[in-house]
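Chain naming follows the written order as A, B and C, and within any one chain the residues start at number 1.
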Amino acid sequence: MPKTFTLNEIVRHLGGELLGDPKVRIRQVAPLQTAIAGEISFLAQQRYIEQLQSTHASAVILGKGAQDATTLPRIVCDNPYAYYAGVVGLLNPPFKPDPGIHRSAVVADGAHIAQSSSVGPSAVIEAGASIGENCVIGAGSYVGRDTVIGSGTELHANVTIYHGCRIGDRCTVHSGAVIGADGFGNAKDGDVWRKIPQIGGVVIGDDVEIGANTTIDRGALDDTTIGNGVKLDNQIQIAHNVTVGDNTAIAACAGIAGSAKIGKNCTLGGASMIYGHISIADNINVSAGTLIMKSLDEPGGYTGVYPFASHQRWLKTASHLRQLDDLFKRVRVLESNKDKNGNQTS
Amino acid sequence: MPKTFTLNEIVRHLGGELLGDPKVRIRQVAPLQTAIAGEISFLAQQRYIEQLQSTHASAVILGKGAQDATTLPRIVCDNPYAYYAGVVGLLNPPFKPDPGIHRSAVVADGAHIAQSSSVGPSAVIEAGASIGENCVIGAGSYVGRDTVIGSGTELHANVTIYHGCRIGDRCTVHSGAVIGADGFGNAKDGDVWRKIPQIGGVVIGDDVEIGANTTIDRGALDDTTIGNGVKLDNQIQIAHNVTVGDNTAIAACAGIAGSAKIGKNCTLGGASMIYGHISIADNINVSAGTLIMKSLDEPGGYTGVYPFASHQRWLKTASHLRQLDDLFKRVRVLESNKDKNGNQTS
Amino acid sequence: MPKTFTLNEIVRHLGGELLGDPKVRIRQVAPLQTAIAGEISFLAQQRYIEQLQSTHASAVILGKGAQDATTLPRIVCDNPYAYYAGVVGLLNPPFKPDPGIHRSAVVADGAHIAQSSSVGPSAVIEAGASIGENCVIGAGSYVGRDTVIGSGTELHANVTIYHGCRIGDRCTVHSGAVIGADGFGNAKDGDVWRKIPQIGGVVIGDDVEIGANTTIDRGALDDTTIGNGVKLDNQIQIAHNVTVGDNTAIAACAGIAGSAKIGKNCTLGGASMIYGHISIADNINVSAGTLIMKSLDEPGGYTGVYPFASHQRWLKTASHLRQLDDLFKRVRVLESNKDKNGNQTS
């Protein structure tokens, strides 16, 4: 049975100002367009305001400017989107397995696991590893030698963390993520590559979320470090010795090459790529699909994407792009002829 | 021992018109250039037609237009490439483990597994999950609480499916795929991100193939949905609340951002990227490496790729591209000077 | 306790010329800027030469040209970067688990595992598989039927190798890598896709490193092949029937489409993409983020990346790029008007 809350109870938990019947009982959260009786909805962007007229929600969450836009029972708050996140969490508390180590898990001698934590079926914890209080180690997950995991952290099923890494408190790591694999370090020696052993680790702060199949490599000599509150989507690649600053959020399929430094409060769009050995300042937003090749000092948005077109039109534009050098030369000729003829150029 | 078939038996199973000796025995399928005696080959594209003269295959599969292009024993059919697929399947029936639950698998109380299905070593099936008839759950795979898997579906080794998802009949999911991880939903609250619990699921139709290390996130409030007959290659990222229409095929490394709607019978090329909250109509083909930022209503092909060149030449073109605004201004000046001098512009 | 070596011992193991006190004892390797007493550092690039003056390292590794740039105890050699790799390896020998099969591993009857090899917890080795001498099969890893692994090869935790593949000697495969999943082969049959069973395998040479979550698909009819000494970073996708030549190195997030042939001694940058059915000659360097659509015969560097800019500036340039066809026409008009007016074009 999912829990239900009255509007009054919701406001008692999460704050905000309640307008309308405090006894309305809420069962779930839903978008304005699909909400039904017993559900609460929210208005986070002005452009959806007309949906308030037609919604079947029993109540809505609104910003202060929109509090008169409906007569429905409503919660008025500063940040309706964050409030909505809170209500979803209140109504849908996360599933938590009972503490304890599953009989099929393999915990090496000398590993420490807090009594309040759970280790799922077929999970493996190597010697010297330490799992803090209230952690969940998912089925099939692997925690390498001497790796330390803080309290309240969850590894979903089939996560891999190599030896000698540190994960903070209240982190969530999704399935298939790999933390601490060797950085890609090879020295050319004649025709062959000599592997450079990667002896650094990975240090991850508190309140970090790491998406499915994301990879974070261990450092060559020093550590790879991920700050507090960083949010990483799926299939992100973070190379050795990268630093990611606090509260930076990175969308899926992005890649950060070795030793790059990403500042705080940045956003990197999906499939964006950052060169190695460069620095991205705080408060920088890189658009999806953009490759950043040079350090960025100025906050703001940066983009580098070839604008798509119909294939036929692209063929023509791409061909012109290849002739751009020629075009510059032709314009120069036109300009110099003009000069010779006594015409003025502005 | 692999099975062998005479041409007559093949035609009896798969149809088509047989020309030449029906008793020729076929052991395997091979390309025209490398086929040897006992093997059948196929001509699916006109440009390989001269290879018919030199092939050592014992028989060939041809379209109707090419039926006189060789005197070899041959099967004439409407779609030689699809026919070839059928013959490969006939000669190479998939390996199927015996039904039953491996002693090292962990099946929670209250999970339902059909007797005809098999659960491999170290696999984990959580409470409330249901596995239909004739399924194969690979070694180390994980099926979360209350997830329902149809009949005839195979999860290869080390697949992860979170709780509350639905997978249809006759699907194939390759190793490392993760279905149902949390969508990337965070609400900014001052400097920090508040996680938006993802309470939707993932619903996958029938006859879907999902490649290795592909990730499909669960919905925020509603479900992420993948239609019937969809084919997904490796390392694809499908974000929360995406819809993919029936029979759409997506090549490796593509990404689809949150709430995008992809139509039916589309193809998305490798490493193509689709913005969130846009709609792609049916029958659209997106080229490899292309980022689509706006909804597409018209069927057809779309491309947006920077044409590569030698690095030296690229340096020059890229530099010109940055000066394009200036070039437009210079041409405008030339045009206006011309106007002032009484010249006509077309 | 980590091992320590005197400079004299290091030179005895790895060669090079020692200048200064041979008894200086070295505990670890560190960058010039952060090294402390007891550590050795290295100068691999001329641009860091001034750091020699301020380093606190107890010794340094230098090339012949720089041997007089410091009075610190130093090892002079031809290739300081490769030498550094050797010293790191000497001081940090890899951890090797004891030989033997963990009680929780599942080894099928008819699998062969050399006595000197180890099979970790919850690993699964299927029938007919063969594991050579001194291998390490990590926890939760899966080796399919009839797959053959050479000697001295390590699979880290949670690696998946399908049936019928061959991995050479001294390879390293990182967690989450999937080798031998089905290639993406589908034949259109009306509206639906017919799967083309993938009956080739994957053949991987000696001394190959395969990064975390990298995928290498099995061939359709023939094998996918990776040469000796190839180095693959994380999250690379290699499609069916690709060939990668010896000593080629590929950075993270790159993708190679079906049947492409990559030569020897190439480098492919991060997130570069190679079309299917094309050939890349030996000694070619593809830049990060570049999509190669045509075969390349000439050695050298190739690039195709849209140069990023501030978002505002990009909006303008991208808009101009779309108008490029028009600009070419306008320049042509200017040129022809000029001709008509008797002006000379160079």
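In the analysis below, contacts are C-beta pairs under 8 Å (C-beta built on N, C-alpha and C of every residue); 3 or more make two chains touch, one makes a residue touch a chain.
Values in this document were obtained by computation on a predicted structure and should not be read as measured data.
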{"item": "Type of chain B:chain C copy interface by residue overlap (half), same or different", "value": "different"}
{"item": "Superposition of chain A upon chain C: rotation angle, C-alpha, nearest 5 degrees", "value": "120"}
{"item": "Intercentroid distance (Cα basis), chain C paired with chain B, Å", "value": "25"}
{"item": "Numbers and ranges of chain C residues touching at least 2 other chains", "value": "104, 122, 140, 158, 176, 213, 235, 253, 271, 305-307, 309, 321, 324, 327, 331, 334"}
{"item": "Touch list for chain C against partner chain A, complex", "value": "28-31, 34, 79, 81-82, 84-86, 88-89, 92, 94-95, 102, 104, 120-122, 138-140, 156-158, 172, 174-176, 207, 209, 211-213, 229, 231, 233-235, 246-247, 249, 251-253, 265, 270-271, 288-289, 305-312, 314-315, 318, 321-322, 324-325, 327-328, 331, 334-335, 338, 343-346"}
{"item": "Complex contacts: residues of chain A adjacent to chain C", "value": "104, 106, 122, 124, 140, 142, 144-145, 158, 160, 162-163, 176, 178, 181-182, 184-189, 191-197, 199, 213, 215, 217, 221-222, 235, 237, 239, 253, 255, 257, 271, 273, 275, 285, 287, 290-293, 300-307, 309, 316-317, 320-321, 323-324, 327, 330-331, 333-334, 337, 341"}
